Each structure stands twice: as C-alpha cells, then as structure tokens.
Amino acid sequence: MNTSVNLCGVELKNPVLECSGTFGSGMEYSEFVDLNRLGGVVTKGVASVPWPGNPVPRIAETPSGMLNAIGLQNPGIDVFCSRDIPFLKQFDTKIIVNVCGKSAEEYIQVVDRLAEEPVDLLEINISCPNVKEGGIAFGQDPKSAEAITRAVKDHAKQPVIMKLSPNVTDITAMAKAAEAGGADMISLINTITGMKIDVNRKTFALANKTGGLSGPCIRPVAVRMVYQAAHAVNIPVIGMGGITCSEDALEFILAGASAVAVGTANFSNPRATLDVIEGIEEYMRRCGVKDIHELIGAVK
Amino acid sequence: MNTSVNLCGVELKNPVLECSGTFGSGMEYSEFVDLNRLGGVVTKGVASVPWPGNPVPRIAETPSGMLNAIGLQNPGIDVFCSRDIPFLKQFDTKIIVNVCGKSAEEYIQVVDRLAEEPVDLLEINISCPNVKEGGIAFGQDPKSAEAITRAVKDHAKQPVIMKLSPNVTDITAMAKAAEAGGADMISLINTITGMKIDVNRKTFALANKTGGLSGPCIRPVAVRMVYQAAHAVNIPVIGMGGITCSEDALEFILAGASAVAVGTANFSNPRATLDVIEGIEEYMRRCGVKDIHELIGAVK
Amino acid sequence: MAKYMEKGVVLSQKKLCGGIYDLVLQTEHIAAESRPGQFVSLYSSDEAHLLPRPISLCGIDREKCTIRLVYRVVGYGTKEFSGLEPGDRVKLVGPLGNGFTLSDKKALVVGGGIGIPPMLETAKALAFSGMKREDIQIVLGYRDICFLKEEFEQYGTVTVATEDGSTGTKGNVLDAIGAYKLQGDVIYSCGPAPMLRALKAYAKEQGMECYLSLEERMACGIGACLGCVCKSKDVDHHSYVNNKRVCADGPVFHAEEVEL
Amino acid sequence: MAKYMEKGVVLSQKKLCGGIYDLVLQTEHIAAESRPGQFVSLYSSDEAHLLPRPISLCGIDREKCTIRLVYRVVGYGTKEFSGLEPGDRVKLVGPLGNGFTLSDKKALVVGGGIGIPPMLETAKALAFSGMKREDIQIVLGYRDICFLKEEFEQYGTVTVATEDGSTGTKGNVLDAIGAYKLQGDVIYSCGPAPMLRALKAYAKEQGMECYLSLEERMACGIGACLGCVCKSKDVDHHSYVNNKRVCADGPVFHAEEVEL
C-alpha cells in the first residue's frame, strides 16, 4: 500500500500535514504525536522580525468551529532558524515553513534567510485575515497575488506553496493567479472572516472584532473551493479546512487534493493528525486501494 | 416595551421574519406557529413561470449546518398569486415576496405582476447559488447588482429588499451597489456555496455537486457581513444566517440589523421563530430595554 | 391530521440483530393520530446535527399512546438513538406523511430490508380490518438475518427471501413471489429503490394495483422546503412541476404516479 | 512533566451551591503528575463545541489517582459537565500549566470567587510541607454563599469577605486583609482580574512576593496556538514579544512579571 505523495520533488511519506498556526513548530504537540509519523510539519507563520499579535481575547468558540485573531504573533526568522528548525530536524518528516509579511520585501527577507536552511517547502501566507497590513491584501486580488508569487519565486530556493484565502468571489481566479506567478503548489483554505458578539456584555467576543473562522463548520466551503481550484490549475493542491478525521481528509483528497492538513482539530484532539493517518490507511485496506494516487481527484 | 420596527414605511410588529425557502408560504408551518405572531412572512422564491428545481438528493447535513440545492423549485407567479397570497392575507402579518429570475426581464415580470397585489415588501433574490443562470450572477458583481436593482426599482410598487450573497470578496461593495441602484433595504446573508463528498459511495452528496451552506455554522460569517454592510450603507439591513435562538438574533441586531430572519432552524425546531420572538422580549425585560431601537447597531 | 412536536419518553429498546434496533416511545399525541405507513422525525441531541431523521412507524398503540420504531443504524443520528435507554427523552415531530390507504382487496404486503418495519403495522391493520388471513400474503426480503418475521406471521402468510439463501428463497422479494406464485390484487410495499422499481414493473405486467413507500433525504419533513421530491407523472399540487414531496405528498405513492 | 489525554471516569459529583459543582474524576496518569495551581482541559461530548474548558485542580490524590474539580456553570460546556454522573466518562487533557512554586515563607493564600478552588490544594500542600498553621493565612472572597470554607480551615486560619456582608468582612479580599491586618511574606492567589490587580498593588506597597493565577480564553491549552497570552514585563521565551502564554508559561505568574 502506498500512501506517499511527491509534491514537486518533495516526497511525503503520507499526505497528512497540519495547518500553520495550529501546531506551533510541533514542540508542544510532540508530547502527544510522534512527529516522525507525519507527512510534514507546517510551522506557525514566521516574519522577518518578531510580531506581537493582537490583544486578547483572541479566541471564541462558535458552532462546530472557532474564531481566532492571534494576529500572527511570532518570534521572527532569527529565533526561528536557531530554535525551531534544529528542533524539527531531529525528526524524519518534511519541514514546511509558513512565511508571513506586511510587504513584498518582508516576505522576501524571510525567504532569502531560509535559502540555506534545511527546509523542504515554503508556504506563503497571503490570506491571514487578522493583520491589518499585508497578508490578506495580497490574497483577495488576483493581480496582487500573482505579483507577490512571482516576487517570492524569484528568491525562493525551495518549492513555493501559496496559501489562499476563501474570502474571495472566485477562488479559481486566485488559484490561476498563483499558478501564473509561478507557484509550485497552492494550499487552501485559510480561515473565513467572521465575528461573534457577546449579547450579554454587549461587545465583540474578540478584541480584534473580527477573526478567522475555522473548524468543521467551514469544511463544506473548503471542499468546494479545493474541488474548484484543483480543476482550475495544473499544480498540486493541498486541502484543509475542518478536517477532524480520515473521512474528512478523504473528502479533500477525492475532491482533488494531493495532500491535506489538520488544523482546529488539533485543539479538540491533540492526536488528530495520527487518527487521520491511521484512518486513511484503514480506508485504503478496506476499499482495496493500493496507491493513494487512485483517490486523488477521483470524484469528478 | 416596543419591539416594532418600521422598514421603509412598513411597520412590523416585531423584527422577526423567516428566511425565504425555509418556510414555504407558511402553510405547513402554520400547524406549529401562529403566523399572526411573526413580524412578517418571507415567501419561498417565486419566478415568472414554474421552475422544477434540481434533481435529488437536494439535501445534505454538515457540521452544525446543511447544504441544499433545491434550485428554486416554485409554481410560478400565477399560482402564487391565486393561492399563496390569499392564504397569507388571512393573517395579521406582513407579506414579503421573494422574487427570483434568470434575467432582468423575468424579475420584472414578477415584480409587475405583484404591483396590484396586497404584498408589503419585495425581496429580490440575486444570490441563489443553486441555479445556473441568473440569481448569483447578479449577486457577485457590484455593477450587475446595481443594474438589476435599478431595473427592479423602476417597476416595483412596493419597497425593495435586495438579498445579497456572501460569496463575494467585499460585501460592502455589494451593499453599496444595491443602495446606489435604489434599493430600499438589503438582506443578508444568503447561503455560502459548499460541497460534500460521500467517501464511501465516492460521489457528491448532492446531485447538483454544490449546494448552499446554511445553519449555525455560518453565523459568524453572517454577523461579520451584516456588521460591515450596516456600516457601509444608510438603508436598513435585515440580518440572517444561522439564527436558532434569541441570543443569535440579538447578535445581528446589535451588529446593526433592523430585522432578522430565522432559516434552517425551522427544520430543527418548527417553533424556532416564536422562540426567537419570546426570547427577545425576555432579554429586553431583563436588560431594561424599552425599545428595540436601543439595540439596533449598539455594538460598534 | 394534526402534527405535534413532542419529547417522547423511551419505554424500551432492544437490539433485534446486527445494527437493527427496536425502540418503543411513549408519546403525548402522536400515536393517537398515526396510521400505518406514516413516519416520525427524530432529532439528535447533538447540536452539530440539525436535521430530523425520518423513521417509519413499525407499530402504533393508540390506546397506550405509544409508537414502535424499528430502524437500522446508518449514521450519527441512528447511532445516538440506539443508545437511548428507558426513561430517556427524545425530540420528535409527527405523525408525518400520508400513510397507506388500505382496502379489502387481496393483498401482497412486501417489505425489503429496513423497509420491512412499516409493513408490520400495515399487515396488522389489514388483519384487524377483518380480512381473511389467506388474503394477506406477506413477502419479506432480508440480507441474511430475519427480524420481525414471527410477528408478521400473526397477520398473514409469510414468505421470506434472503440474499444469502439462509432462509426461504435465495434472492429478493420478486424471486420469492415468482417461486411461490403469490397472487393478489394490490401490493403495499416499502424497501430499497431497486426493489420498488421491480415491484412497479411486476404490478404493471400483472395488472395489479401497487403502492410504494419511498425514501429521500429530508430537511423540514413537513412539505415546506422541497428537499425530498420525486418525479411524478402528474403535476404536483405544490409547484405544478411534476415533483411530488416524499414527506408530505408521500411517502406512499401509487406506483404509476411516480418515476423511480 | 508529561501531559496525557484520557477518558476520566466520574466517581462523584455534587452541587455545592448555586451554580458551583464539585466533581471527582478517576484518572489514569494525570493525578500522579499534577501539582497545585495546575489545570486540566475538559472536553464537551457535543460535536458542536470543540474547544477545551480549562478547569483548575481543587484537589489531587496522587495515590488514588483522582482529581477534584470545583467549577462554576458559565456556559454550554460546564452545564454539560454538571450533568455528569458516577460512571460517566469525560475526555480530558492534563496536567497543564506551571502551578504554584511554593516556599516555606509566611503565606497569604487568597482566592476570590471561582478562583477559590485551586487555592485549596495549594493551602493543603503548604500545610503538608510542615509549615505552621499560623503561617498559612487564608483569605476567601465570595459573592454571598461560602463554599469550601470548612475544608480550608483544616490547613490554616481562614478569613472571609462577602460582597453582601452575609459572612465575615463586607467587601472583597483586600477589605478583609485590611480589616484583620493580615501579614505574610508571600501571596499565592487566584481570582477575578480586579482582585489580582489590587493584590499586585498591595503586595508591591507592602514589599511582598506575590503570585497570581490568571485566566484567559484558550484553544489548544498546551502553548502552541498563542490564543491565551498576557502582557509580560520581560520578553517571553516563545515569541520574544512580551507575551507570556497563560496556558503554558502560566497560569501562575510572579505579579511583577505580568501587566494586568
């Protein structure tokens, strides 16, 4: 039985990753999950310098989901390179660094700094709804998305994944823009912008007013967009959005995702990534699937 | 205690409606709900001629929500005028007719036909994701939305509510377009396009592949968009999307909605509209709110 | 017929065989208003699962005001219901749908798989109407293990088909009808779509009246949302587009009325 | 300190007073690894409610491997937990957070509202460390009804403040400390933000060491998601941005370390 997938020359032992921002750099979750079992670890977004993020409350629960407005708090690329990469290098898994920035220059600074690091893939976050500048501004307009992709690609030494926002009218236009800019892959969906109001306290549940909605609640939107994007471009698609178990992951794979990522489910089940991996293997055994590639995009 | 709201000259006894398509014309629900209690009844979308809708399955459950792809099955305006309007006239509630069409001409035919009918408000559906032509095509582009609004307004004898789609990059642009076209009000959100795949049968859960996502799962997106829209325009906003109880309804009202509508919750609780009305009254008593207008847009 | 939203109280529940459960609920009003072939909508207590689960009535006791539901565990909702214990409460709405219109014609009562339970109350109603036992031919199609069979035998002559041949005729209900040359003037049936399709063809060929109870994904369950339509020969009286509503115009249809 | 995800088995649950419940869980590993001031994350069994509910440890029995949680019903999750009965199972992760670092200095153990429960295990640990009873001054602030008070009296001298004046000093814990001129070298405390802010100011004024246990909305509960930060005086060792993680760097902080 083959569960490995090759993403632009990077061979993952299985197609299961986790979503940036839900798993740190894996340190905390390594108490629950053997990181060697994962197809890869996608790190929390890292910028050129430390970012303090947003005020609290940063978290609110919603029906079958949650809102977050962390605001990409991160230690900056220097600490990241000296601490997080060496930590991850101890494990037999691929390292995918999520990169954030407020301008093309900031993205490029991080990408340049990572050029000589033992990093397998870069995921460029142009879709965070919780920071005022950069991020989603690049992710809601095809022209900007194409331009930032091209700028990053001109510098990147590793294959580049562009992470797309679902907060758009036409996800296929965004996917094609990333492809046109030279992206090696795309990943989607990032969170959907949402808001919760505390009616008793008559105020916003989040200090930032709005936050990013994630969890099983958004899975139908994510599956739809992954399906549309996979049919719109010829580069691999990494699917995510509300995956809690192997059945959920298989929805994305059947819709056309070459790999999947587990996000919010890590919070409700720290072992969720392993449950997904084991469940996919069991499904393949039960259905007589010899190679995961038989499933990728099988529902048309 | 005053719960009545005046929407462009139409006085609702309370701000609670139900969402088009979830309540028929009220006949079936009248076994569970005294329609006289409602602020108004929003009918299922009606077109110039009967529409057969989509093949089954039309329904799929999702986490804290559901997908539907009914495809606006309806009997056409003639049957509607001879059967549904007389039925609704028996009750002391406002009649809001939801109008659908595949072209400006079709919308206008229905609007013209309703000119002499005892109908209080028109809601123009430019946001149904489940029909191939018309509908959402008008609802995802500000220029088209403005044009269809103006065309409808030129003919309408009743105040016009434009029902907006959440499947857009910028809801404020759509809200402003409707306002620029002369809309008297806007209502939002319609469903978010989604997809579910049955991994065991390896096929789509819906015959139409995609459907509209509704239910509590989308409420944070709806509250956010209602808040944004209410701050972008000077016409009243009717809020909807995942309202199941009075607290949910109050989120929308505090975010800026002058009225609210209960949709998918009717399926899980046929009495949901009444529960919302009673809950709002109880909240107002408990918090010493004398007039519902004190709450509209109170969270800024 | 009025419809009610209630909290039913579990009186008993047992497992009949792999995945098939037998649940008896005390209702306030529903049982008194119910007839064979109707169904109720049961609701999950889990907030992530919103839609009603339509379950047919396997038994109705109007005097005690209880209903009996025999159902298969197929997903989250039915799994949850299978864990209900005496004294537990479950939200339900009913009675829903039209039910069977019974006559005193010589009857073939046909059930397949999880379409068998509603035929029990149907067979009982026929028997209690005073029809002769030999005029109630009951045909039950199972995958393997036979459930409810002994109870059906109270009301008529029972012929069984099993897919694996472990009991009765090996094959489906049509094979059993053919093998025993079962006769009747009217068919009342519930079961999977292929079985209903075959029965419709058979009835036409034999010139028999035939009623089919259909299944479809539902949202409201009361005829408002138009989620659960089937193609009909005549225009429907809701939308005039040849789409009858399984929940409200059905679930029982004259075979010639619907396209399968 | 290892963390575990387990299914805890309910041994007992009782209501202490309006909205306050006292739950004892049998754990497999968690109790043995726990210390005062730490917490566990409990999970709802409802699929619509995903996030863990952090609840502080009111009692730890390392030998029997049980933990005791005294919590207030404030929302869906805690309402659900309040319905748990002996034998029920509940998913939990723990032990989480740093807990109190105790010394043998003369202590003021201060709890306010639902911040009182974690101070019980803290007071017990001080008492069991061999400190003299008069060196453990316990100050408890309630709205009205006093819960756990008798249990605290086993471990030290208890002074009570109530908002309505029904027991002890009318007012808050600071009013009680002032009224009785309570002395100590170190404060261990948990309670609402205004109380902690006042204690921090008081400790500074008196030149006392002071530890505060904070609360914040959490998602992962283990330090990965950065959802529950507080402003810190020094750079944190995670992001180097003066944001300490309440779940992982706390919940207990030196008062001078954090901004409230």
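Brief remarks on what is shown
Per-chain residue numbering starts at 1, and chain names A, B, C and D are given in the order in which the chains are listed.
In the analysis below, contacts are C-beta pairs under 8 Å (C-beta built on N, C-alpha and C of every residue); 3 or more make two chains touch, one makes a residue touch a chain.
Every value quoted in this text rests on a predicted model; they were computed, and no experiment measured them.
Comparing the CA-atom centres of all chains against that of subunit B, the greatest distance is found for D. Chain geometry summary: the mean Cα position of subunit A and that of subunit D are 35 Å apart. With each centre defined as the average position of its C-alpha atoms, the distance from subunit B to subunit D rounds to 47 Å. With each centre defined as the average position of its C-alpha atoms, the distance from subunit C to subunit D rounds to 56 Å. Residue positions 47-49 of subunit C each touch two or more of the other chains. In subunit B, the residues that reach two or more other chains under the touch definition are 63-65, 215-216. In terms of inter-chain touching, the protein chains here all touch one another pairwise. Of all residues in subunit C, those touching subunit D in their complex are 46-49. Residue ranges on subunit D touching subunit A, taken from their complex, read 2-3, 5, 43, 47-52, 93, 216-230, 238-243, 248. Of all the residues in subunit A, the ones that touch subunit D in their complex are 21-24, 27-29, 31-32, 44, 50-53, 56-61, 63-66, 68, 70, 73-76, 79, 215-216, 264, 266-271.
For subunit A in complex with subunit B, the touching residues are 62-65, 67, 140-141, 167-170, 192-197, 199, 202-204, 210-211, 213, 215-221, 223-224, 227, 242, 247, 250-251, 254-255, 283, 298-299.
Residues of subunit A touching subunit C in their complex: 63-64, 216.
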